[in-house]
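Listed below are the structures to be examined.
Paired with chain B in one complex and with chain C in the other, chain A is shared by the two complexes that follow.
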Partner chain A sequence: MKTVLPDAPAASDRADVGGSRSTGEAGAARLSRGRRIVRSGVWFALPAIVFVGVFFVLPQLYNLRFAFSNWTTYSSNITWNGWSNFETLIGQGLLFTPIGVTIGYAVIAMVTQNVVSLALAYAMRDSTRLNGFFRSLYFLPVLLSPLAAGYIWRGLLASDGPLNDFIGIFVPGFDWSWLGETSTALAAVAFVDAWKWIGLTTLVYIAGINAVPRDALEAAVIDGATAWQSFWRITFPMLAPAFTFNVVVTLVGAFSAYDVIAATTGGGPGDSTRALNIVLRMQWGLGNFGAGSALGLTVTALVIVVAIPLVWWLRRREAKA
Partner chain B sequence: MRRGTIGTAVAVVSIAGLTLTGCSGSGGDAGGGSGGGTTLTLWHNTQDPAAVLGIYEAYEKATGNTIELVPITSDGFEDATLTKWATGDRPDILEFHATTSYITMLNPVENLQDLSDEEFVEKSGPLYDMGGRGADGKVYAAITNFPEVWGLYYNKAVLAEHGLEPARTADDLVAQCETLKAAGKVTLSEAGGSVWPPVGIPWLYGSSVAEDGWSESVVAREAKVNDPDSPVLAGIEYYKSLLDAGCMNPDIATATFEDSVAQVLNGEAAYQLIHSNIAPVYVDAANGDAALVDESVGFTGWGAEAVTIVNPGPIGSYLLPKTGDAAKEEAAREFIRFATGEHYPDYIEESGTFPVIEGVDDPEASELMKSIKKAYDDGPQVAMFHADLPGGMAGYVPLASELIAGQSSPKEIVDALDTQMVQAAKSMGLEGW
Partner chain C sequence: MTRRTRLFSTLRYLALALFAIPWVGVPVWMVIVNSMKLPGEAAALDLTLPQQWNATENYTAVFVQGNYLQALGNSLLVSLPTILAVALIGAAASWAFGRSRSKGMQIAFYVISLSMLMPPTLIPTIYLLRELQLDGTTLGYILVLIGTRMGIVVFLTTGFVRSMPEDLEAAAAIDGASRLQVFFQIILPLLSPVLFVGSVILIITVWGDFFFAQFLIPGSGRATLPLSLYSFANSSAQSLRWNLVFAHVLMTGLPLVLAFVFAQKRVIGGLTEGALKG
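Entry: the complex of A and B
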């Protein structure tokens, strides 16, 4: 068996060990290098900081203000109105129900996307020409406009569409309006969202699977582990970083759902797919900009409340793994 | 909107994930008013037909001015326009709805030029009794296009086969539903998938039973939309009765209005209730065969009683925002005078629509268009009742989806509408709300 030696110390670390320079000189040199790294790091980070500041932090701050204002299309005077927008939304049933729909949508999309992606990634983990073709194929929907994806699936899921025609081969006379029935519309739309992004999460899982040490898997085989045991006991725990990334990104991304829903159901039937951003758009269309901002703030709060504990928990899980 | 809030508004729009085009309403070339060389920005509906686009070209040729078109997609046109407007962006000319409720949403006293003294108002007969004015009674919109006439498109052969005359009233439709249902036909093809068409029946029904002055009494808070005798409630209850009786298509939740057009054209359904501007979609569905459409499809006005409901639409309706640039504002007025005066006969000839301004003869028209004009002329013409109400009851659209899905009753819906109306009226600063 090949013995893996620990990495050799870096040059700056060797300076203290070699004894050719005094400890003070070496410390100064290390400090100077550290400063240079920090200084250059700031410059590298600056574009991202400016971008996030201008397009995320600043709008969030303004949105915070407008969420508590009486801003509407009817008047030029924008004044503080406390919790009035939230009270109005609650009174009209436009806050808690859409929060429930948004969470339901996000959970269905996240679970579907991760389960399918993981299975696909495991199936296509080896870098063969055939797998390369299928990886590209599954990635194609990622490149599609979400609206286009929505319109395509609206046709596929129509009661006289190809899906029902296919099911009809096995169940003659099968007729179900996947997007028109309140019992299936949310799941169907969340599935479309998952389909759209599966290619991306699959690539992340493939990278994670291929980073699992071969010798650990070989040792498991030698010890008589089955394929499932090998996956569940070795591969899956070592996929923790990829799992964290995919779960968080898919869940948080689905909280911001709008385009796929707009293209498939427009929020219907009834209020079954009326997610927060759909209601936001409706309030905006009614000229209730303050109420729209309040819904925008709710989406942000939802992301923060869910994402931060989730990331913390998943990171702890990574550490244990 | 106060100038100081424009930047903040832009920021909020970006957080909502909405698209900003970044166009500046009055930031083009410095112009010299009607002397030529002025660049005017015009926000226009992408559904503008060639004849409407022809107005802009003709104006440029006639004046030497330039019109810079900013397209607003017809899908979600109202939302997109109001969103852009909310950022503080202003065009020199705005193509938009000419109903009182929509005009009110633009805060016209502060933001729009008063067109009351323009010549076209006097030459348009009773048209400006049905739209074009703000809540203060001043005219803020120039209407050049024949108004939307709401009613029933019907399949001639289906009705003839069952010995039926085109339904003119709510009772007619209910009676015919029994016959058609027994024959396995869909009586009325409804398009819940297009979101807005389900407003048609309740609005037409309500408009035709609303007593004179009802809208004013609601604005004065003397009557409510959720009163037991409210015409809104009556319209929604009628709609529910049609649903419950199985008079509509089974795919109502997902069908689009184009699907309804196809169902009426091919005889699967007897009727589609929608407005007259959809007529060209029938020709498209017939692969351009206008003769086939004339042979197969007719149009009739419809209401609880035999009336014809009309509503000025956004295509060819122009409002002039105050931009603070006197030369451009004057050039924009010049455009309105050109479109409603010198160029109007050419527009009617090119568009094939019927004139709304006196002094121009009717154009050659298809049989379907003639039946629409006949419905308009036969009347009696009634304006949509929601146009003058605070908020224009625009929030009914998602509520209609709840009605179709069986999630809300008519009473729950009018209660929700009343809440929305209070919200809008308070924002408008109306007294007594």
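Entry: the complex of A and C
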């Protein structure tokens, strides 16, 4: 994970390594003919380009039209109606509040996921047999569908569920509906999302930690650095590429929040967990396809507005480190 | 190892074990014991063993009312072709992208990689499938999954192709091997470790997909496991019947967990050995 987007096919020529020197002139000419054959396989990329073009890019373009159209179940001829879908949504409180909820969800999920993953990765960094067992164990939630994870935590966090029973040992009579109270519902659903994915992010961090050169760490120990110092001064800066990847992927992924919320709160209580995709589903159910498209476009815009500057800023930080 | 470092690693293992109790142990235990209780007892969501065992009835309900086997079959019918197609098409494209120097190919590579971060748009996708007369079909759902999940595999694999020397392919090409032969006999085997990692990530996201499935394959006949779990959980008008929900959760999670038990060394190894490095 050196970069979030690797450099495109290098323009500078890196051919003529090896080969030409040992095989002589004629051999070199033959080899470069061979390379030309290899490089001209453009049509190998064609199926992928067609699939992504038709089923990913084309719908994005359609969306630019639908978001500004009056398409509903009742009017199937799609005509331009400007910003009126957005205005209607704003009027019903279905745009700005869901944007806030979505951003809140994504930030809480991203921070939780990366903090816990970093700690777990640091604890399980050595490839011992026992750590192999723990890595598998902590990977288990990743295998669950987000929906199943949602149901499990709906049980764990219920007011008479195991978490409250445990707290009740220390605080007799403790009773709190984590998913049912406005103040904790959003944090709770975002936490479940993080819980589901932490095993995977952890492995990415372990790969990053193990790529840190041993010499640097040993030198630090000789110079009398504590474990805490050598983590923050050496390991963490060198983790920058893994950090960039994980932060961006978790944040952007959480903008599409839906499954966990559908399994737990369904958007409530009130509108405290009503993320953009939940509203999109509601509008779809009502037959307001134009308004639904407007919400989809909002999610896309959110990703572009947040992800591109974030990648740029994190990459610059990487370059400095 | 000095005594100090040995003490530290023991403490670390102890901390990992302690943290695993609430993190994995309690959730798994809660699902298992409650899936074998009577509805009334499961409603208390306790971690105690069932006072009265009701496992057979609960799991029968998952199979009969929950249509478990049909949903499992539907999930396999969606996941396997999707993963095969993405791995094969993605590997072929990565080979072309990794070796090409043309501007157009660079742009195509960027767009495909970007599809990894950008959320797909659902309502226009449904519109498109209607135009193609594939709306609400398994095939339509598979095609959309292939098109929207291609990014991660192309991204991972292209980085890998660039790190491989060209000489082997070039030599084979001179010796008269066709491009298809070079691809299937040289490239694909070399790419298999990174394709394996890509497929693991794919199967996790495709198998668990609920949001897309809910829009693209509505109706019970084509329902995959997450769809079946959702309609099963919401089938009673009152609050959730935890004994049944947990039985379905367990059966829904089981296939991937079983596969993982057999392949865990390769899965964890592949993901930690930096296959995700660009």
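In this section, the second predicted complex is superposed on the first by the 271 of 321 C-alpha atoms of A that agree within 3 Å, B and C clash if a C-alpha of one lies under 4 Å from a C-alpha of the other, contacts with A are read in each partner's own complex, and residues count from 1 in each chain.
Everything that follows uses one rule, which is that contacts are C-beta pairs under 8 Å (C-beta built on N, C-alpha and C of every residue); 3 or more make two chains touch, one makes a residue touch a chain.
None of the values given here were measured: they were computed from a predicted structure.
Chemist: Check whether A:124 is in contact with chain B, with chain C, with both or with neither, and answer first, second, both or neither.
Modeler: Once the two structures are laid over each other on A, A:124 reaches chain C alone.
Chemist: Check the residue A:274 against both partner chains and state whether it touches chain B (first), chain C (second), both, or neither.
Modeler: Only chain B; A:274 stays clear of chain C.
Chemist: After superposing on the shared chain, does chain C or chain B touch more chain A residues?
Modeler: Ranking chain B and chain C by residues of chain A touched puts C first.
Chemist: Looking at A:86 after the superposition, I want to know if it touches chain B, chain C, both of them or none. Which is it: first, second, both, neither?
Modeler: Touch partners of A:86: none, neither chain B nor chain C.
Chemist: If you stack the two complexes on chain A, which partner ends up touching A:151: first (chain B), second (chain C), both, or neither?
Modeler: second
Chemist: Who does A:176 touch here: chain B (first), chain C (second), both, or neither?
Modeler: neither
Chemist: Thinking of the overlay built on chain A, is A:63 touched by chain B (first), by chain C (second), by both, or by neither?
Modeler: In the superposed model, A:63 contacts both chain B and chain C.
Chemist: Figure out whether A:236 sits in contact with chain B (first) or chain C (second), or with both, or with neither.
Modeler: After superposing on A, A:236 lies clear of both chain B and chain C.
Chemist: Examine A:55 and indicate which partner it touches, taking first as chain B and second as chain C; both and neither are also allowed.
Modeler: A:55: touches chain B and chain C.
Chemist: For A:282, is the partner it touches chain B (first), chain C (second), both, or none of the two (neither)?
Modeler: In the superposition, A:282 contacts chain B only.
Chemist: Which parts of chain A are in contact with chain B and also with chain C?
Modeler: 55, 58-60, 62-63, 66, 154, 158, 160, 256, 258, 277, 280-281, 284, 289, 292-293, 296
Chemist: What does chain C use to touch chain A in their complex?
Modeler: Touching chain A: residues 9, 12-13, 15-17, 20, 23-24, 26-28, 30-31, 34, 44-47, 89-90, 92-93, 95-102, 105-106, 108-115, 117-125, 127-128, 143-144, 146-148, 150-151, 154-155, 158-159, 162, 165-167, 169-174, 179, 182-183, 201, 204, 207-211, 214-215, 225-226, 229-230, 233, 240, 242, 245-246, 249, 252-253, 256-257, 260, 264-265, 267-268, 271-278 of chain C.
Chemist: For the complex, which residues does chain A have touching chain B?
Modeler: 55, 58-60, 62-63, 65-66, 70, 72-78, 88, 91-93, 154, 158-160, 177, 179-182, 256, 258, 265-272, 274, 277, 280-282, 284-289, 292-293, 296
Chemist: Help me check something: in the complex, which residues belonging to chain B touch chain A?
Modeler: 1-2, 5, 8-9, 11-12, 14-18, 76, 78-79, 82-83, 85-86, 104-107, 110, 192-193, 195, 250-254, 391, 394-395, 398, 401-402, 404-408, 416, 419-420, 423-424, 427-429
Chemist: Taking the touch rule as given, give the residues of chain A at its contact with chain C in the complex, in rising order.
Modeler: 1-6, 8-11, 13, 15, 17-19, 30-35, 37-39, 41-45, 47-49, 51-52, 54-63, 66, 120, 123-124, 126-127, 130, 132, 134-148, 151-156, 158, 160-162, 165, 195, 200, 203-204, 206-207, 210-211, 241, 245, 248-249, 252, 255-256, 258-259, 262-263, 277, 280-281, 284, 289, 292-293, 296-297, 299-300, 303-304, 307
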